[in-house]
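Each of the next two complexes has chain A plus one other chain: chain B in the first, chain C in the second.
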Partner chain A sequence: MLYLLKRLGFYLIAAFAALTLNFFLPRLMPGDPATALFARFRGRLGPEALEALRETFGLTEGPLITQYFTYLAHVFRGDLGISIAYFPAPVSEVIGNGLVWTVFIAGSSLVLSFALGTLLGIAAAWWRRGWIDTWLPATFTLLGAFPYFWLAMVALYLLGFTLGWFPLGHAYGDDISPGWNATFIGDLFRHAALPIGTVVLGTMGGWLLSMRNTMIGVLGSDFVNLARAKGLSPARVVLRYAARNALLPSVTGFGMALGFVLGGSLLTEVVFSYPGQGYLFVQAVRNQDYPLMQGVFLVITLAVLAANWCVDLLYLWLDPRTRDTAS
Partner chain B sequence: MSDPRDNVRTGWSAWAWAIRRDRKASIGAALLLFFAALALIGPWFTGDPDALVGVPLQAPSAAHWLGTTAQGQDVFAQLVVGTRISLAIGFGVGLFVVLLGALVGVTAGYFGGKVDALLSLVFNVFLVIPGLPLAIVIAAYLPSGPLTLALVLVVTGWAWNARVLRAQTLAYRNRDFVSAAIVTGESSARIIVREILPAMSSLLLAQVIGSTIYAIGAQVGLEFLGLGDVSRVTWGTNLYWAQNDSALLTGAWWTFAPTGLAVALVGFALSLLNSGFDEITNPRLEMERAWRRELRRTGQVPGESTPVVRG
Partner chain C sequence: MSRPLLEVRNLRVEYATASGLVRAIDDVSLTLHPGEILGIAGESGSGKSTLAQAILRVLPPPAIITGGAVEFEGRDLLGLDESELRALRWSRISMVFQGAMDALNPVITVGEQILDTLRAHARMEPTVARNRALELLRMVGLPNDCLSSHAHQLSGGMRQRVGIALALALHPALVILDEPTTALDVIVEREILEGVRALQQKLGFAVLFITHDLARMLEVSDRVAIFYGGRVAEVGTADQVRRSPAHPYTQGLLRAFPSLHGDPGRLASIPGAPPTLRNPPPGCRFHPRCPVAVEACRISAPPMIEVAPSHRAACHLAASESPGDR
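Right after this comes the complex of A and B.
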């Protein structure tokens, strides 16, 4: 319990740091932040609306510390300002619409890449110098050297444009209305296959190598030899004894990889015009829609922090030693 | 077998000798030298990459080896010229990120206590905040250009190095050579610079290589999103224009394929060099290789079990 609370405290500090960064970054810009921030609103908002928006970002006349607390108060109320590109929708609403797509793409890529990479890593370590061990690590190291979004471009070109197997972008076809029916869900997966596939391809190698290398060490240890000597079935020895222990470094890495995979899937969304956070983010940057941009950054960061805490929970379950020191 | 100590070499010639002896390291080094040469002397031969030289979106031909862009510029010239800035930022950031990481990480590990707690908190916070979104936000506010890009990459990339180097410093902190230096009354700064940092030189080298891979990839990604200076020719902006001009939907694969291949080749060369160095400097791997050679020489087949070689 203490362990989890400690971690929670750490994530709160991190969230606080992200908020603070968000507050100070506009003030890094040369010139008056308010002018630059709201330049694109000119002519579209009345003076009162503009005043309200200034307050959201703490760009008031008061001293910096007051501005800071004004900003924090607004964020805690879920008020992230008004989007310029999607005027007059509030930022929180625009982000909410895109969030589900990013969670879908980034979440399934992460889980698939972790599961596939780890399983192949186990296989490579068990049949050491077999064909899996000889070919896969090298292939995936090479694939990992390509930028994900470039793999996405190539996949889109070959499988989407040339062969026409997959749609060229967006989350679902224009001619299909969203609903819980087989046609729509099938269409969703057809559209998601390439974005997810390319991120999985680009990130799987890391899990494979890390699992393989740890497994090799664990397979040589005494408790695995004992398990073998007891005559347990190979599947039981590999999965229940060796893999469970070899998994620990990978799970630690999982938290680290979250941000990385998310970054990759943001870029991939841009290639596929997939309507998630990445696409919104880039549109916001290109339109100088600063309120939306900062909102997306904040939401992504908070999501990563929350996911990290879930990884900590998982770690607690996997490694009894953390439980012992905790109590 | 001759005693390996017979040919002890020092400094650069030792590295050159070791690289030549290791297959992975030599392939990696050769590829890197090729790209370095391309970056240094290539631009003198290709002419102005921004010049409009022909009909837009021509497929590769004898006149234009890699075809032309949607504006009618030569793709090959853009690729070669882009190498210079992209590699310069990559290696510069790679080096700087490790310097900063070493400064923070080694300080934290060496002094321990409250200093360690504070510095560890800072780099752990930076590690957990997702790097690419942070980089995008910072880059969007600063004037675009190579310097901004480099700054952003350093800010988002140093924390990992700090974490690794702190752990390594903790491992050295109570070793005899450090204790001896403390007893002889050397200053902390001198112990860190003269004793601890040289002891982890091979780790530092691996970190520089790893950080360079990161810097090149992240840089290309940010520029692809339009966060670099899009009027300058670099690998990332080449990809940005390819995407912007809908290269994919017009079937112009030659506008994005070569650049991605170049990025991947440099990344692959660096990781080959890294694992090559690992084999050179890691005695455990060297022993395992020697053991496998011995097995092959005597015609034995290794069993199912994992060969664990202990020295």
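Right after this comes the complex of A and C.
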């Protein structure tokens, strides 16, 4: 319990650091960022937009420290300012729309990749030198070694453009109205298949190999041999004794992969014109939409921290040894 | 004597390593009767654990049983298929692994590891199973709350006791103890061995007791077998081996212990190094270290020679009265 609180404390500090960094970065730019920024937008933006920009940065009059607290208060209210690219939509709203898609795409591909890779790793170790062990690790390592961009483009070209099995982009078809019905959900999955599929193919090899290798070590340990000697069923020996222990390093890796996947989804979303955070971020950069950029940065950071805390919880539940050293 | 419980005949086990075959068990024959304690002693690497795991058929992958037979309660263990083995394991033969420290699954509770053993072999009401698990813990002198403990919360001695409780879970006819007390201090060791002895007398199971502590073994066992380089050097009752050891190796070991009640040391006090099993010396494996070796020892491996009823030794000189008396 104490351990969890400690970890929570750590994540709160990290989140606070991210917030603070987010506040100071624009102010560390050479010259006066506000003036520079305003100068750039003056011809294009109306006075309300400029006011919004001002608000976002807390670039109101007053000493830095007052500005900082104004900024914090805004953030805690969920007010991240007004987007320039999508003026006059508030950043929080723009991000909210994108976040759903990113969590859907990145989340499902990470979970799928982890689950499939881990299961195949268990199978490869258990039937050592069987066909799974002979072919799959090599195949997926090779796939993982290709640049992701290339893999995604080939998939898009072959399966989307040439064969026409999958749509070329977006989260759902223009002709379909969103709603909880079979047509819409089916369409969602048809659109998500290529982005998710390519990420899974590209990242599964890592999970597979690490699980396989840890598993081979664990299978040779005394407690697994004892489980076998006790006359337990093979399924119980493999899952409850061997895999349950071999899973621990992978779970740690899962926490770290979360950050990479969220960041990496930028590329996926660009290739498949998928309307998530990454796509938003590119739009933001293209339009010099600083409030949106900062918002995306903040949300990704917070999401990674929150997800890591969940992994901590999971680990605590999986490994009783951490429970005791913790308290 | 009654029909033997376990009969190992001409067993041969090899490890297929990258640099060639290592014959860890070479032509070993042993018998064990119901309710008997057979001690096996030998230097590190002489093949004791390999034998134990071969009997239960749980040898790790590079090991192959390349010859011989293991008969248990009249059944040929080497001929059983996987499901027959699974039914027999633990319900008839159980084992306390060497270094029981690492023999418990670190992520599930001790209780769950006892319960899954019980349930793997018989349908049991949850409360019946739980009571049986508690009874087992009590038998080896552990408190009830060990049931919900994890391995890392127990001391070495406690883990060793859990291992013994586990081994007794299904009333086996044979319990293999592979160095059940290494890494424990003498007092705990004595306590555990006395506990096992008492339980053995009460429950009547047979024990294969493996150790490299000769003094302790002679104290605990009915009969003993001395291993050397993957072979049996000498086998006899504990009394016979203690009073009139017939193999020069056994004699050397006993000389290394002036008093049985002295300091329990280890079996490394004979000059020279144990043989490498990858490339064993020709003839008798002990001859390079043997103080009384003759020409024949360098040329041919000695057969098992009966020196007294139930007392045999693999030594060319064992036929003549006492090879060690120079």
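Here, the second predicted complex is superposed on the first by the 298 of 327 C-alpha atoms of A that agree within 3 Å, B and C clash if a C-alpha of one lies under 4 Å from a C-alpha of the other, contacts with A are read in each partner's own complex, and residues count from 1 in each chain.
Note that in this section a residue touches a chain if its C-beta (ideal position, glycine included) is under 8 Å from a C-beta of that chain, and two chains touch if they have at least 3 such contacts.
Remember, it's a predicted structure, so these values are computed and weren't measured experimentally.
Of the two partner chains placed around the shared chain by superposition, neither chain B nor chain C is touched by A:F184. Within the superposed three-chain model, A:Y3 lies out of touch with both chain B and chain C [touch as defined at top].
Of the two partner chains placed by superposition, only chain C is touched by A:D319; chain B is not. Put chain B and chain C next to each other and count what each touches on chain A; the higher total goes to B. In the superposition on chain A, no contact is made by A:Y68 with either chain B or chain C. Looking at the shared chain after the overlay, A:L258 reaches chain B, while chain C stays out of its contact range. When the shared chain is aligned, chain B and chain C each come close enough to touch A:G220. Look at A:L232: by the touch rule set out above, it reaches chain C but stays clear of chain B. Of the two partner chains, chain B is the only one that A:L25 touches; chain C does not reach it.
Judged by the document's definition of touching, chain A residues 128, 220 lie at the interface with chain B and also at the interface with chain C.
Residues of chain C touching chain A in their complex: 53, 56, 58, 60-61, 85-91, 94-95, 97, 99-100, 102-109, 116-117, 120-121, 150, 152-153, 166. Remark: chain A residues 10-11, 13-14, 17-18, 21-22, 25-26, 28-30, 125, 128-129, 141-142, 144-147, 149-151, 153-154, 156-157, 160-162, 168, 216, 219-220, 255-256, 258-260, 262-264, 266-267, 270-271, 281-282, 285-286, 290, 293-294, 296-297, 300-301, 304-305, 308 touch chain B in the complex.
Residue ranges on chain B touching chain A, taken from their complex, read 121, 124-125, 127-134, 136-138, 140-143, 213, 217, 220-221, 224-227, 239, 242-243, 247-249, 251, 253, 256-257, 259-260, 263-265, 267-268, 271, 302, 305-306, 308.
Residues 128, 220-223, 225-233, 236, 240-241, 244-245, 248, 318-321, 324 of chain A are the ones touching chain C in the complex.
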